[in-house]
Every structure is written in structure tokens, then in C-alpha cells.
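These are the structures, in C-alpha cells.
Next, two complexes with subunit A in common: one pairs it with subunit B, the other with subunit C.
On to the complex of A and B.
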């Protein structure tokens, strides 16, 4: 059975095509999430990368922030459910998932058997999300992908005490004016995100194996600061940004199996 | 027909101003009752129609002249409505002292809404000892004096009769709560309408309508996901739509604006004013009613178990300190009892419920997968 998972986030769109809920056939990611051409472009890229065609798909499930507006799917599922499923597919021992996306952060706890047992989301605040990093990179006139490498050169990370993105923006500008080096500022910014998210994670409970997903998982500085703050190793995977889409495809497969069993 | 009765609940719930105008046209005087507990029996006995003033879902502008932004939006919206004339014609508003924000509402009301008299009802922190009961009674006597100044007349016999009316309404509402636990076909939105309409109708009318509703209720519908909802206020239509969309059935509530109002009756005593003070002393299981042992926490767990709820949803009104203090204990108690719990935050200014939707959709998945 072929299932397609589409994850329409706030800043990116991801697609994953799976076979029998066990094999990832192909995947795609395009910048541009809800309200953009991103989902269509990601799908186009996906079909260009595979010999499979849309008419071979048995079930399509959409997830993510833009799931309610997408009309081409057979069903929609919350992104937390999908991240839990997708994360566990990549990391079979995973008990805690920290997902930091473009607009929010989520912590998902799973039982030993993989059942979602708890979750916590941040609330309408850019602090502790990819958006915070975006804003800060913009002030420093850097590409967001350069933050990680820049932070690695830091010798004395700056302290960003403001928890609000707007106030932190002013604080970073002040620190720049005071001559704080870019690497120290960037490292401080990454630690600030980690500090916010680790507080959220402790609310949900942190049980190893702890994994990280979402676009911010690619940022080693944030991940290392989080690991230090939570006093645990944090694993990630090159497919971490696709956990939601993988989960959606797996959810579709489960539905098909359930329908088959009920017949 | 159940739907005909339901329509009456809905109309009253969404049209408090029309209800108020109707009573005023009948020559009755209106006294507004602010959250969380006011001596409605007393107001009723002195010839006034008590009407709930729990604010409304709206944009807040004028209230910000008096309040900082980080303050309970229920309280802010009550003042906003007062300033904008939504309560025009009411004789007074009784505001209890049950949380710090309500205290500031009363003080600001005096300056912001000068055509509706502010009547304070100061409750004691320690309400159960004899001296606490005496303090509550003295507070009620102050309310009596203020209502007399507005033309009301205090008569112990009339209060005893009003207590009977309210105790009967309490009993009917408790019966309603138990009955609805077995009727998943009654939606969260409809359940909310029934409870909300109680604030905008006389208790005699509401009792009769609830009794009619209960007598006409048909066979139970298909089973849904049973949940217990806890919080101060859960009347936002979007919130109830989400409960209904995800097949959640409220089998019990610990909501201040709903069942918490009806758990305790005033006892039969020679002095009805003393009985009313004893009623307040006997009330419990609420975030704004001080009790160092916090029995509310176990009450939620026990109720959820007794009603076979699959989980508990805490609907947190933003910046509500008393509820936030209790939440940690509720969360730990639910974890200990292996009872799944979700927390959603709401306020009176909320337009987009996407975060709540994602949260409850995930909770539904957690309970069913």
C-alpha cells in the first residue's frame, strides 16, 4: 500500500511517500508553508523524484499548521500525533521528542510502547522558536544556516536576558553597539532558544532517548545548549525535518490497515 | 420537543440584553452579579432580578484605561461592557472579593461606570469557623443596606422563600449534570447554552425550562469520548465547536460558571441570612475558595473515574492566578491516577482557536490511538 504524508508548516512544506508503512520511497521539502505555493511545489518535486504516480497513492494524510486549508488529502491529523509517529519510526527507542519549528515548539512524551502519553506546546510567542532565530539572523545580516557555524567560534556566549523576541531584538542591537562579537552574540541567541525550550520540556517530563525534530534540529548550537540544559544526550537525524510527513504517511497506512481488518 | 426547549436556552444565552430589557419592561429592577459567587438569593428576595455579568468575547479597548494588559480578560470585559453601556439600566452590580482582580474591578467600576452602583461583597478567607461565618453574614448585611438604598426591602421570610427557589434550581442543575453524562448526543455547545442561560433568566423560569428539557430528553445517543472539563469559563462557541468536532462528550464539569455554582444548598435554619452565610462556609472544591487541603484536586480525579471519563481538559483563563496555582496539583493528581490531562489556554479576546484545536485534536488522538 502506498501512502503519502504532507506536512504544511508555517515556513516549509514537506512530503514523504511510503510503501506499506515501512519503507520511505521518496521525500521532498520546499521553503514556503501555509498560504504559499510551497505545498504544491513540494509535491511536484516529490513526483519528479519517483516513478510512482499520484494515482497509485492509496491514502494521503495532511498535517501541520496548514492542514485545515489543504483540500487534496483524504484526512488531516494534528502535527503532534504525526511527529510522535514519525519520530518513533526513525528512532524506535524514542521517549521524548523536542520539535522546534518555524512558529512554535512542542514537546511530546511517549510511553515505552510508543504511545503518546503527554505533550506541551508553547503559546503564541516567537521566543524559543525558529522565528526567533530568523529575526536575530536578520538583525545580524546573516543567513539562518550560518548561525550554527558562527556560534561554534564563540568563546564567551553573550547573555540574552529578554524572553520576548521584540525586546531581545533591542538587546542584541545594544550588545552589538557595545562591541560584543558576532560569534558570542549568536551563541547567546542559540542558548536563549534552548533555555526557553528546556523549560517547556521539563514541564512535559524528559525521559531518554530524547530526540529533536523540526528545522531548528539542524542547528548544533541550539541542540548542544539544550542537551547541556537538560543534562541528557539529544539525538537527531537528517530526516528530522520530515518526522511530521513520515507520521502522516504512517497514519494513513494505519487507517488503511484498520479498514482492511474491519472488512 | 427537546430542540424547541434547546432553542429557548440558546436564545437566552446569546441575548442577555434582550432578557434584561424584557424584565425591565415588566417593571423589574436588575442587579448584576459578577463572578464567582454572589448572594443571589438575597438579591432575589429583595425584589430585584439578579443577572450574571461574566463579560463577553470581545476586543478590549476602554478597560485598558484602568487595567494593565496582563489581567484576567473576564474581569476586563465586564468593565469594558460597563463603560460601553451594555448594562445600561441595571440598578447595581455586586462584585465579590474572591480574587485580587475582582477587588480591582470593584474599585475601578466606581469611577468608570458611574450610573450603575457598585456593591461590594467582601468574603472572608477563612469562611468555615464561626468568626468566618459571622464575617460573611456582616458582608451580606452590607449588601442589604446598599440594596435598600435602591428601593429593595429586606424580609427574612422572603429570603427563606428565595432560598427554597434557589435550592430547587441547584437540585435541578445537579440532576441535569448527572443526566447529561449519559447523553452524548447533547453537544458541548448545547450544554454550555443550558448552563449559561441560567444567568439571564429568573431561577423560577430556568428551573421550569430545565425540568421540561429533562422530561423530553430521548434515548441516549452513540458513545463519544468522555471528558471532564475544568476551569473558570468555557462558554466560547469556538471552544465548544472544537469539543464537538473531535467527538468529545463532557460527562462532568468543574467549571466555575457551570456546576460549581450548584453544588451547595443553603441549609434550613431559623435565620435565613445565617443559612446563606453557612452555605458559603460549606462551599468548597473551587480555586477561589481557600482550603489548604485542596480537596478540589481529588474531587476532579474521583469525578472523572466515577463518570468513566477518558481524560480531563483544563481550560485555563489566561492570567487567572487561583486556577494557575491549582493546575500543578491537578496535573500531578491526574498523572498519579493515570488519567490523561490536557491544558488549553483561553481568554475573552481570543479570535483564533488554532492552538486550542491542535491541542485538543492531539489529545483526542492520545485518548483513542
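On to the complex of A and C.
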């Protein structure tokens, strides 16, 4: 059975094509989420990468903030359930998932058997999300992907005390003007995100194995700062940004299985 | 495995004119009459009091003093879409948008003296009690200054202990009688013990029927949609000491009992899950917050916000203790235990917490309290940001994701239980 998972986030769109709920056939990612051409472009890229065709898909599930607006799927499921499923697919022992996306941060707790048992999300504030890093990268005239490498060169991470993104922006500008080095500033920015998210994680309760997903999972500086703050190892995977889409494809497969069992 | 959301079929009945013998008609009339009666009293030159919601209603009712409730007015203004406009008036006068939105709306009304979404009679005196919150004191002090009218303060401080002490009862009792004497002196009113006895009888009758009505959610499915309580509670806030309120609440209880016997409910879709709602309603988005639940077959069967306005007592001493025990005046442990009881009595499967920007007192300790409730009742908990009256502090997409996540966990739990 072929299932397709589409994750339409606030800043990116991801697609994953799976076979029998066990094999990832192909995947794609495009910048641009809800309200952009991103979802269509990601799908186009996906079909260009595989010999499979849309008419071979048995079930399509959409997730992410754009799930309610997308009309081409057979069903929609929250990104919470999908991230839990996708994370557990990659890490079968995972009990806690930290997902930092473009506009939200969520901590998902899983039971021993892998069912999502609870979750905690950030409030409306953008601090502790990918958007915070976007804004800061923009001030520093850097690409978001360069932050990690830059932070690694830091000797004395700067302290960013403001949690508000707008105030932190002013704080970074003044520290730049005062001669604080870019690596120290970037490391301080990453620690600020980690500090905010680790408070959320403590609220949810941290049970190993702890994993990280979402675009920010690629940022080692944030991940390391989180691990240090939570005093636990945090695993991630090159496919971490696709956990939502993997989970959606898995969800579709499980539904098909369930329908088959009920016949 | 959780199922994706499929909107349950709603049994829509054609709208008929309300039966004047129905609870909905009676309660709606009492709620609207509460404003009209004070406006009429004002026209006749009688004094009007603005009263905080958990002030002992027995005082103005016994003295025959006309009343209006700014919190109730602000909720009505917010539900009818004028919250932002009124908040901006107060903010332009220098009030921070961090202050309670009910306070901002009320202070704006004191300046404008009109708001078509919910007008009230202007006051001659302010009756303030801080058992609901401490912001109330400064809000009423400012009203007192702006309107140049007296404010009578009944101080019922937050109780860090589990029980109400005799010392607190004595402290509040002294203030109770002082408030009575001040009102007698101000307006030439006369306290009558027989009338007081009658009023306390009405208040307890309303409260008993109300609390028993809300407790009908013990049945599965619940005979009512919990959002009904948010409308009906207006009568408990503004008119619980009136005879007609008791009669209307008894009608409500009778209807809920009949619904249960007939297998009917005012929750018009299949009740798939039952949650407790925590916090004040998000009035500007009442429809959105209600639909987000109903479309998934989730019935909000209970909330301490509704029960907060039921005061049942058998003596003067018990009455004072009841006013010292309202939800916002009690410590975390007692607050938690009351909520845990509601969850258990009503077979709740999840907890939805409104993190209300306006209400720091209520929302501040919610993170810890909801964690303890979730653990004690073994239910999932989620929270969303919003505001009781300022519409600028709510995101529908964020609300929807959190409610869907809660739904998916409850579905998954149900399937695991059935398996």
C-alpha cells in the first residue's frame, strides 16, 4: 500500500511517500508553507523524484498548520500526532519529542507503547521558535543554516536576556554595536531558544529517549544547549524535519489497515 | 489509533419561539431585566450600585438597592464584538493593555457612559469585594475617583490555608455589617432582618438548584452542552438573591433531569468525549471555541467557573465562609481538589485550560495546578492563549491545533481502553 504524508507548516512544506508503512520511498521539502505555492512545489518535486505516480497512492493525509486549508487529501491529522508517529518510526524507543518549528515549539510525551500521552506547546510568543532564529539571522545578515557553524566558533556566548523577539532584536543590535563578536552573539541567541524550550520541556516532563524534530533540529548549537540544560542526551536524525510528513503517511497506512481489518 | 476529525452530524431543529415556561426563556429574561431594572431605578431617582461579582448579593438585595455588575456588562460587550473598541478607549487614557480587559471596558464605559452593545445605569456607589481578584480594588478605586462616588470595600483576602479560619470569618463579618451601615447612612436605606432571611432563602434556593443542575453532567451522555452554563450563569452573578432566579434554576434542573430520562441533550451531536474547561470563557470567541469542541464531538461538561457563583449555606457564619471560599480566594491545594472532584464526578477525559491574559491570578498558577489535576485524574491537559474580553490575544489556528491534539489523545486512550 502506498501512502502520502504532506506536512504544511508555517515556513516550509514537506512530503513523504511510503510503502506499506515501513519504507520511505521518497521525500521532498520546499520553502513556503501555508498560503504559498510551497505545498504544490513540494509535491511536484516529490513526483519528479520517483517512478510512482499520484494515482498509485492509496491514501493521502495532510498535517501541519495548513492542514485545514488543503483540499487534496483524504484526511487531516494534527501535527502533534504525526510528529509522535514519525519520531517513533525513526526512533522506536523515543518517549519525549522536542519539535521546534517555524512558529511554534512543542514537547510531546509518549507512553511506553508509543502512544502520545500529553503535549505542551509554547504560548503565542515567538521566542523559542524558528521564527526567533530567522529574525536574528536577518539582523546579522546571515543565512539561517550558517548559524550553527558560526556558533561553534564562540568562546564566550553573549547573554540575550529579553525573551520578546522584538526586544531581543534591539538587544542584539546594541551588542553588535558594542563590539560583541558574531559567534558569541549567535551562540547566545541559540542558548536563548534552548532556555525557553527547556522550560516547556520540564513542564511536560522529560523521559529518555529524548529526540528532536523540526527545522531547528539541524542546529547543533540549540540542540547541545538544550541537552545541557535538560541534562540528557538529545538524538536527532537527518530526516528530523520530515517527522510530521512521515507520521502523516504512517497514519494513512494505519487507517487503511484498520479499514481492511474491519471488512 | 486516533481517527481524523469527522464532523458529527448535528440534529438541527427549526427555531421556534421560546416557550415562556422554559428555563432558557426565564433565565434570558432575568438576565436582561437585571440591566433594565437598574436603568429604570435610576430614572426614578433611586440609587444604583455597581457590584463586583462575588460581593455578598444579600446586602444590596436586602436593602432594596438597585444593582449592575460591571463584569457581566463587560462580558456582554465582549461577546457582542465591542471589546477591542472599549479597551482602546481605556488604553488611550493610559491604562496598560496588561490590565484586566473587564476593567478596561468598565473604565471606558465610565468615561463614555454609553455602549450600545450593553448599556447599564450609571452608579451612585461601588460595592467592591476582592475575593474574585485584587485588580478589582484598583479598578473600583479608579471608578470611584473618575465618577466621584463612594466605594465600599469588603476585603476577603486570598487564603493561603486550606480551611477558612474563625479569625477570617470575624474579620469579614465585621466588614459585612460596616458595609450595611455605610449604605444605610448614604442612601437612607433600612436593614430588615426578615427581608434578609427571605433573601438568603432565595439565594440558597437559586444556588442549590444551579449546583444540582450543573451536576447533572454526571450522566453520560450529559443532558446539556456545557457552553449553556456560560450563558445561564449570568443569572447567578446578577440575580441569585431574587425569588424568580430560584424558580428559573429549578426549571433548568427539571429540564436537565427530563433530558437525561428521555436520553436527550442540548449538546446536539454525539458526545464522543467529555472535557473540563478551566478559566473564564473567551467571550469574543465563544462561537469559535464552542465549535472547535462540538465539531469533534467534545462536550465541555463541567467548569468551576460556573459553580463559582453557587453559594449554599445554612447560617450567617456559613454564608461568610462561602464567600471566603470562592475559587479565586483559595489556595492551590484546595483549588486543585475542587477541580479533581469535578473531573471525577463528571467522568472527564481531558482538561482544556484557557490561559487568560486578563486574569493573572487565575492563569498564573494554572501551569502547576493543571499538571497536578492531569496527574491525579490521569487525563491529558492542554492550554490555549486567549482573553476573556480583549479579542487581540487569541489565535484560532493555535486553539484548533491544541484542541485537535487533545481530541486525538482522548481517541487513542479510548481505543486502547476498548482494546
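Note that in this section the second predicted complex is superposed on the first by the 263 of 263 C-alpha atoms of A that agree within 3 Å, B and C clash if a C-alpha of one lies under 4 Å from a C-alpha of the other, contacts with A are read in each partner's own complex, and residues count from 1 in each chain.
The definition used in the following text is that a residue touches a chain if its C-beta (ideal position, glycine included) is under 8 Å from a C-beta of that chain, and two chains touch if they have at least 3 such contacts.
Given the structure is predicted, the values throughout are model-derived calculations rather than measurements.
After superposition on subunit A, the partners subunit B and subunit C collide with one another.
In the superposed pair of complexes, A:21 makes contact with neither subunit B nor subunit C.
By the touch criterion defined above, A:121 reaches both subunit B and subunit C.
Of the two partner chains placed around the shared chain by superposition, subunit C is the only one that A:258 touches, whereas subunit B remains out of contact. With both structures placed on the common chain, the touch criterion links A:32 to neither subunit B nor subunit C. Of the two partner chains, subunit C is the only one that A:75 touches; subunit B does not reach it. Residue by residue along subunit A, subunit B and subunit C are tallied for touches, and C comes out ahead. Taken together, the two complexes place residues 65, 68, 77-81, 115-117, 119, 121, 123-124 of subunit A in contact with subunit B and also with subunit C.
In the complex of the two chains, the subunit B residues touching subunit A come out as 340, 345, 354-355, 358-359, 361-362, 365-366, 369. Within the complex, the subunit A residues that touch subunit B are 65, 68, 77-81, 115-117, 119, 121, 123-124. Residues 1-2, 4-5, 355, 367, 371, 374, 380-382, 385, 393, 395, 397-398, 400-402, 404-405, 408-409, 412-413, 416 of subunit C touch subunit A in their complex. Contacts from subunit A toward subunit C in the complex involve residues 61, 65, 68, 75-81, 104, 115-119, 121, 123-124, 203, 251, 254-255, 258.
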